[in-house]
Amino acid sequence: MDVILFLVFAIIAVLCAINVVVQTHPIASALSLIGVMGSLAVLYLLLGAEFIAAAQVIVYAGAVMVLFVFVIMLLNAGEEVHRGRSFVVQVLGAPLLIALLGLLVYFAQRLFPGAPMVRFGAFRGGTAVAVGRALFTQYLLPFEVTSVLILIAILGAIVLARKELD
Amino acid sequence: MQLWLIPAFPLAGFLINGLLGRRASKGFINAVAIGSVLLSFAWVLKTIMGLGDVSSRYVEHYFTWIQSGALQVNFDFAVDRLTVVMLLVVTGVGALIHIYSVGYMGHEGGYYRFFAYLNLFMFFMLTLVLAANYLVLFVGWEGVGLCSYLLIGFYFLRQSATNAGNKAFIVNRIGDFGFSLAIFLVFLNFGTLDFGGVFANVPGKPETLLNTIGLLLLVGACGKSAQIPLYVWLPDAMEGPTPVSALIHAATMVTAGVYMVARSNVIYIHAPVAQEAVALIGLATAFFSATIGLLQNDIKKIFAYSTVSQLGYMFVGAGVGAFSAGIYHLVTHAFFKALLFLGSGSVIHALSGEQDVRRMGGLAKKIPWTFWTMLCAAVAIAGVPPFSGFYSKDMILAAAYQRAPWIYWVGAITAGLTAFYVFRAIFLAFFGAYRGHEHPHESPPVMILPLAALAFLSLAGGFLFDVPQFLERLFPPIEESHDVTLVAVSVAIGLAGIGLAALFYVVKPSLPDSLAASFSGVYKLIYNKYFVDEIYDAAVVKPVVNGSRSLLWKGVDVGLIDAGVNGLGWSARGIGGILRLLQSGSIRSYATWVVFGSVVLMVAMAMAGGVR
Amino acid sequence: MNAVPLSWYLTLSGVLFTLGAAGFLFRRNIITVFMSIELMLNAVNLSFISFSYAFRRVDGQIFTFFVMVVAAAEAAVGLAIILTVFKNRNTLNIDDLNSMKDEYQPAQPEEASETAPVSVP
Amino acid sequence: MDFLLLSLIKAAVVAAVLLTTLAYLQWVERKVIAHIQVRLGPSRVGPHGLLQPLADVIKLITKEDLIPPHVNKFFYLAAPFLAITMSLLSISVIPFGSEVRVLGQTTWMQLTDLNIGVLFILAVSSMGVYGIALAGWASNNKYSLLGGLRSSAQMISYELPLSLAIASPLLLANTLSLRELVQKQGGFEFGFLPRWNIFQGPWPQIISFLIFVIAGFAETNRVPFDLPEAENELVAGFHTEYSSMKFAAFFMAEYANMITVTCLTTILFLGGWQPLFPASMGSNLVPPVIFVLAGLVALYHGLNPARRKDRFTLPVFAVVFFALAAVFLLPAAREAILPLFWFAAKTGFLLFVFIWIRGTLPRFRYDQLMAFTWKFLFPVAVLNLLVTGLLVALVP
């Protein structure tokens, strides 16, 4: 069961991610990205992070991506135009990415060579209670700092976007 | 006991007037300024009542101000009998001068500013007096210096006023430098700055060390109390409004040096060389500035040199071991010198700004209140018994005779000079025929009232307040001398001074000019204040300015620092010129380089086996 | 076969990250590039959660939480910047936004610091 | 495989009931609005128009399925299904009643109980925006785009006070599971006052109840917040270009959302299936009494018919009502049906309020709508949450 779930959602995630990259229209990319996020949320659930899974959908899919879709609609962004080209990217890009992927996979295998097996329900440390407790005790200061960050981001976004008016 | 309230009232007054005063009415400003000082005075009285006879030192701890390694400085206030005397003088005389200022400053601009500064000064002065350790004292010390600077330059549109303010500030810095060195030494050798802790450990310390500390403290005291060689700022400080001269440059701030020396009496008793130096500098200053005072024509300058001279007297008192006599003189001096300044302020007010005694004369009839009150101050300062100056001056001279008779003689002659120049000023201003053009008018009651109060204190203060007896347990005892001849001699010299002044300026007004003609060399020397300012300018100021210009600016700054900085800039530009080839402006190529970097890092990590 | 090795999750994370990087490198639309960054962040989040599972500690999830918050803030500001850029330049193509490159200046370093021309309305 | 089978059966039952309810909710709405406006409403198809929904469905299915030119076909087709999926998905965690025993099986009247059920609903409802936004954008029509943008902005804005209003009762209940939430609200204070969150100390959640209901109106795009489909400005908003079943999907999504919101309100604030007053005071007798009364009224009107056909139809209804009353008196059935009755009663009442308000209030202007949530609802919700948190922390 776990294997099936993992494979299904991993494949969905990878396909959607590929779609993000290859689609020429931004809104298609955005919706594919939502697909990635949704399947990642399921994977989080499998890994026992239920609160983060819900937050993933609410924050990422429900708020951040809505912003993206909004901006795309507002600017009426169309298909991509291939105009400029960068010599560096064209020559180095693909080999570097393949090397990166290889290295990442290599490290993943070397770090955990098959030993820890993920069973759904084996780790239940991701409940809202556990996360909340950690957030409000050990990570209280970062948490508060984050709230300040968000406040600043709101102000910044308002100030920047306000120029639209005049 | 809430000692902190004593300085807190003027501070509140300063904040209120300083922040809101610009729009407030004069009544409001007066109420806040005078009210805060009166409240402070009342709180001093209440504190004294609460402490009974203040037989022991009472300390209040507020908070740990500085905690750094071994250095722990508490923000503490303390009260003992010396503090009580100072508190009463500062708040009492301060309150009278505040009231006087209402009349004197009534027509000046920056009214709220003036009173805000005065209140700030009161705050710092009270902090200075109440301080329980050297650092808090230093805070007050610097604070009063700041206020003095602000108030000397009160008429900041006048170039001479700002120059005088700067001069006072800079000269005081020299003194403060000595003072801070002394504080460092104290901390280094005693491990604390607290008065109690320091003085308890003084016996047993090497005498050289104590002498050094004493001399450095003396440097500080010389700066603040205008002693040779740092007295030059005080006469110029008369550029400030007259109440300021009375409060800061006669009654309170300039006596801070004397207070500090008296406070550190334990150190000086164990440091004979330093104490000797205190006495000598005091004596020299007293005599020297008395001679300058003889020939001044600006009424405020006369009293300024007189102040320097009287401060010298106090130092003599402290130097010969009669600390209580020095403080006694401090108190009486606060009365009669404040009165002299306020009186001269009244005269200047009456003459709409005229300060030159040569253009006064015959004012006794026109402004009788001012005349009579100033006459009280004059007899007090001249040491005529039984007025206040007689008691304190006589006590200092007696103590000096015990130490060394020649000090007594110089002091006595100085007393005669003092009597002469003070009465010279009185005679020139109030007797004879009027030589000016203005129409003199008597000052308003709000100015006369403080004058009257101070006149009473000048006359009766000597036997009303027996300061030495009050302080007797605090200082080493003075060997009492009951040699009536000494007293008689000094009084006689003083009376002779008055008589001479009467002869010169009332009976035979032509005599001074003929004397000046026959002793023209000495006359010129004294008239130009021994050319001290010019000597300082040539010896100190010019070399510093020229050295800065040629060596530091042209040499070090342009040649060394600028060259180095510019060289860095040029090399950065050169390297940047090469590196800018990487900057294609395309984010995607940058990102490629980032990926490249991370791949390299990961390869390195894999080869080094960095992860497990 | 009722359990998945943890390395599979990490591999998936690596694959997603690489795809995100590829999007960043090869896409020209600034919004898509931005979305690729979000994809990379998500990939990193997945590995954080995997580590959280591996070490049986909640800390990894807290990190993910903070990454999300920062991503949200970043999206708000970033998209506002994109709006402004679009308004000023009327383009979303990332290759057109290369004014950081100093193309028109000769190699003389002194003249590099020319002040921006002030447009008079 | 018991679990799977049971789940499949439950899903089938819920889906059937829900879809029927959706269809008839529309009939109820039309009837109620008609009576508010002193009209009869649908009355031609079937007795009292009871077959009207069926007719509508047939009409919608058989209608020509138009796809306008120049639309983005994929998203144009995907949008309505996204909308209906998201709105139906949240029903899956709603508990309708307590534990029941059917054919030897013990189960809950709930498809699944997630211990993050509330978060799940929030997540799913936040995804609902995409259906509308995409529909507006993919239609390639200015009215649609504006409607879609308006709608998404409105839904995002009102989601904030909504979430904050949800947080307060969660603080009281200390759980995220909807089932536990209802169980915590069981029992009575002073013997008669139900421990529903709207009444419960230390800080009765009346304010968050009101905020939740108001935000719920906006989330479901109902009057007075139906700006996205303001017909006099935007034709029909995001679904201007939709017809036949795709239009029906949007329509169903709206009603499904309404049902979700009312169910959630019932669970969060009104104690779910908990009765209004204790059984000792005869709460068990309420449903039979209501049904008997309804049966009597129907019987009376059947005997004194206003129209000819009433002579046959109304007695039939009366018999049905009497039968229902009898069922409620059976002890075996009562255990299972009573909670369901209370849940349905509360939800039904809230649905009636929704319809009632639609018949009563005019529409907001768009700036008023935004100002209302950002400048009033949001601060009030934050304040309420703060007070609740403080009181929960202080009062043991």
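Letters are used for the chains, namely A, B, C and D, taken in the order the chains are written, and counting of residues starts over at 1 for each.
What we mean here is this: a residue touches a chain if its C-beta (ideal position, glycine included) is under 8 Å from a C-beta of that chain, and two chains touch if they have at least 3 such contacts.
It should be emphasised that the depicted structure is a prediction, and the values quoted were computed from it without experimental measurement.
Q: Per the definition at the top, count C-beta pairs in contact and tell me whether A-B or B-C has more.
A: More contacting C-beta pairs are found at A-B.
Q: Measuring from the mean C-alpha position of chain C to the mean C-alpha position of chain D, what distance in angstrom results?
A: Here chain C and chain D have centroids separated by 41 Å.
Q: Can you check how far apart chain A and chain B are, centre to centre, with Cα atoms defining each centre and the answer in Å?
A: Here chain A and chain B have centroids separated by 71 Å.
Q: Compute the distance, rounded to whole Å, between the mean C-alpha positions of chain B and chain C.
A: 66
Q: Quick one: chain A and chain C, Cα centre-to-centre, how many Å?
A: Chain centres of chain A and chain C, defined by C-alpha means, are spaced 11 Å apart.
Q: Give the residues of chain A touching no fewer than two other chains, as numbers and ranges.
A: Chain A, residues with two or more chain partners: 51, 55, 63, 74, 84, 86, 89, 93, 97, 100, 104, 107, 111.
Q: Quick one: which residues in chain C touch 2 or more of the other chains?
A: 21, 25-26, 28, 95, 98
Q: For chain D, which residues are shared contacts with two or more other chains?
A: none
Q: Return all touching chain pairs.
A: In this structure, the chains touch in these pairs: A-B, A-C, A-D, B-C.
Q: Give the list of chain C residues in touch with chain B in this complex.
A: Contact set of chain C toward chain B: 21, 24-26, 28, 33, 94-95, 97-103, 107, 109.
Q: Which residues of chain D touch chain A in their complex?
A: Going through chain D, the ones touching chain A are 75, 115-116, 119-120, 122-124, 126-127, 129-130, 133-134, 136-137, 145, 148-149, 152-153, 156, 159, 176.
Q: Contact residues on chain B for chain A in the complex?
A: 584, 586, 588-589, 591-593, 595-596, 598-599, 602-603, 606, 611-612
Q: Per the contact definition, I'd like the list of chain A residues that touch chain D in the complex.
A: For this pair, the touching residues of chain A are 27, 31, 34, 41, 50-51, 53-55, 57-58, 61-63, 66, 69-70, 73-74, 127-128.
Q: For chain A, which residues count as touching chain C in their complex?
A: Per the stated touch rule, the residues are 1-3, 6, 10, 13-14, 17-18, 20-21, 26, 29-30, 33, 36-37, 40, 43-44, 46-49, 51-52, 55-56, 59-60, 63-64, 67-68, 71-72, 74-75, 77, 80-86, 89, 93, 97, 100-101, 104-105, 107-109, 111-119, 123, 125-126, 130-131, 134-135, 139, 142, 146, 149-150, 152-154, 156-158, 160-161, 163-164.
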